[in-house]
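To keep things clear, I will list the structure first and then write my remarks on it.
Each chain carries a letter (A, B and C) given by its place in the written order, and its residues are counted from 1.
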């Protein structure tokens, strides 16, 4: 099992989580201007068979984190720091050929927009069988049969005929199903889903999420779900990490996060979701302001300008990630603490 | 053989992997579009080279009487020219002499004036007519639009140079014919451009709103379409000037610009000196280089303008 | 798909009509009128009057137009005042030369332009890419007649590697069954003749190919760059497919679509450029004959040749359009 051969270590590795992200940092270099630090000091793990949610607004760095794990960021103009390990083997610095072995076979990814994620001039069937033939070495007829079975599995009707359809002949929901089929075709051990339902109609969203949950459950696949929608997280994930301006600001199990969110940002996010039992006429609570990207954490906490819980120290010193047992928090003054108790 | 450089396929689809797709930091929000364009232009090497060539060309053309040591018809070197030898560049005559003993440098300089006039006049003529037609087609719509579209279709179906040849042959060989011919072949380009601008503005939500408020179409045209079309027209105009210079030279090369010896034209100079290629290549090289330099200047400038004015356009 | 083709064909009709009207009007607008076009500039007023009566040039204009249209459809484009031969005959005699030239130029333009554009796109932001951008801009701007001169001077006059003019060495005299000299050489069992004909094609074809090459390289580069940024390429990468598969099936298959269209559109440029190129290289094709006709005021030839060239361009554009519809499944297969 060497990194060169691209073989992922078996479950025999004692105690090693399936995916381990350690201190990941990603900066985009710009000509003549300071680099944009999209991700900084991000660390989390995904255990085999578990579902982990990565939550944040656009610009929080969640997608960049996912792309970095997959090694899909461009080589030029991007500086990466930290480590990403899949079943104990480091993915950072692996040669291109090795990464291509791992992608699609051990780790797979689905993206946000199903229309643009499919090659418009190639049939759905071919886009499906190419993964099967690439990683499982199937012959053409065998791959076609497996493809039909996969389309059935993801709930696409008339699957045999659909194999020769082109993407533009399918609806948005069906396209995303097809993409899910391509992702799980080789039974990867980890599936990363980046906003898989955001581009879809509301009615379809629930169906796709259900399908996703079903697929990972049946195959025992670990899932890293990236979204801005806390509702999605609540239904699917075992653990949640909340990101803001490139850093993780809160991590907890699903129960703990939703029952008692401690970071003011998480608290605000949950508070801004309208609930069925909210009396009519109650104002929606929005978090004022919008995230910045430049030097966000240089002058203290990045969330401070928008935080209703901010103390003076929040504008001076950037908070560290602290483990309180049930939560990991990056905050000088979390919700639920008496004001001034932390310094 | 020229045509405006075809526009590459416009960028489509999210390019989420490029750093440029990330939101810009707030403290770098640009003040004006023009200011930002100017800044980009200043730093662009292509724009600088283009500008240098253009300024050089225009400068030489305007200052011809001051720069050229001789008039285009003077023959200072008559004695030095024999049927077998035509002197090349020397300290006395920087670009050498031509087969009639005239100073080549002066002729090139005076030729610049020619090319500039022809280029600018035909551009202005063609652009004006084209813009008016395009605006009419877009604004009035209906059969006017259909007619304009069909006519431009036909005009664009014939290769530009051939059409120009036809027009110039029709009007008789003269400089004026060349100017008119080139203006004519550029009309459909500008007409289509403005029609497109007009149509897209017409459909925009903003304009639909103004219509419901009863604002006159004239205000819409002058207040909204024209300012929005300014950038593409500027870019197209610059690029068209480049092709006009080359097309004019081509028509002159074919003898359609008349044979007045007092008016040197780079294209015609190339045609007249074809037979001296072996003995006096400098007679063909210098006019040719001049054409390339002038046209290249405007092309480079036009391309950099296009990139500077449209932030989404990738070169 | 069928609807697509039919619609394109219908669009053809007004364009062809428009072309014929334009050229018809062109001759009528000449100083002296169509009689002068027939007889030449030195016609006496008597002769002009006789011709007017004979050919019905005094008839109502629309009647004349219909008669003209009828003649054109029948293949009668008039008679050349310089060679006294029917214009159509001259066209048929000369077209093979121009076709050989244009074909070779097209092959060069595509064969060099596409790989160049692809390479430049893959090496985006490196010196290779920047050089190609500048190179294609220069290539588009250089007047083909000047380029012809330079090529002639360097390769024919100075280096003597290639012939400077004509289609064939005058000393090699053979039959020409098809009019395509390179082909004929093989048909009559004289490969040396074919080779000689080919050598004569090289310089003019290179000069002619330059502008289309620059354009094709540029469009290819732009198309490949666009496609490289598309989500489906990212999906292909995420699937762990080999570089080759991603390049062929996902990048190129999409990027080459606009390239096909652009290549087809180069026909017009090539034919127009052939006019100038043939003049520079004294290559006896349609182009140089047309230029001579301009100098000689042979209006029948000018009108007839331009009409035919324009019709060819329009037809080729139509074919390219249809071909594109066949290649792109979004058009070929209804949603």
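We take it that contacts are C-beta pairs under 8 Å (C-beta built on N, C-alpha and C of every residue); 3 or more make two chains touch, one makes a residue touch a chain.
Everything numeric here is computed off the predicted structure, so don't read it as measured data.
Colleague: Among the chains in this structure, which pair is joined by the largest number of C-beta pairs in contact?
Modeller: B-C
Colleague: Please indicate which chain is farthest from subunit C, where distance is taken between mean Cα coordinates of the chains.
Modeller: It is A whose centre lies farthest from that of subunit C.
Colleague: When the C-alpha atoms of subunit A and subunit B are each averaged to a single point, how far apart are the two points in Å?
Modeller: Computed from C-alpha means, the inter-chain centre distance equals 52 Å.
Colleague: For subunit B versus subunit C, what separation do you get between their C-alpha means, in angstrom?
Modeller: 23
Colleague: Multi-chain contacts in subunit A: which residues touch at least two other chains?
Modeller: 72, 113, 116
Colleague: Out of subunit B, which residues touch more than one other chain, so two or more?
Modeller: 13-14, 16-18
Colleague: Name the residues of subunit C that each touch 2 or more other chains.
Modeller: Where subunit C meets two or more other chains at a single residue, that happens at 230-231, 234.
Colleague: Hey, which residues of subunit C end up touching subunit B in the complex?
Modeller: 11, 14-15, 18-19, 22-23, 26, 29-31, 133-134, 137-138, 140-146, 149-150, 152-153, 157, 208, 211, 215, 218-219, 221-223, 225-226, 229-231, 234, 258, 262, 265, 268-269, 271-273, 275-277, 279-280, 290-291, 294-295, 297, 299, 302, 306, 309-310, 313-314, 317
Colleague: Show which residues of subunit C lie in contact with subunit A when the two form their complex.
Modeller: 125, 230-232, 234-243, 245, 249-250, 253-254, 257, 328-330, 333, 335
Colleague: Which of the residues in subunit B come into contact with subunit C in the complex?
Modeller: 1-3, 5-6, 8-9, 11-18, 46, 150-151, 153-154, 157-162, 165-166, 169-170, 172, 242, 246, 249-250, 253-256, 267, 270, 274, 277-278, 281, 284-285, 288, 291-292, 295-296, 299-300, 303, 314-315
Colleague: Taking the complex as given, what residues does subunit A use to touch subunit C?
Modeller: By the definition above, subunit A touches subunit C via 70, 72, 76, 96, 99-105, 108-109, 111, 113, 116-122, 126, 130-131, 134-135, 166, 168-169, 179, 182.
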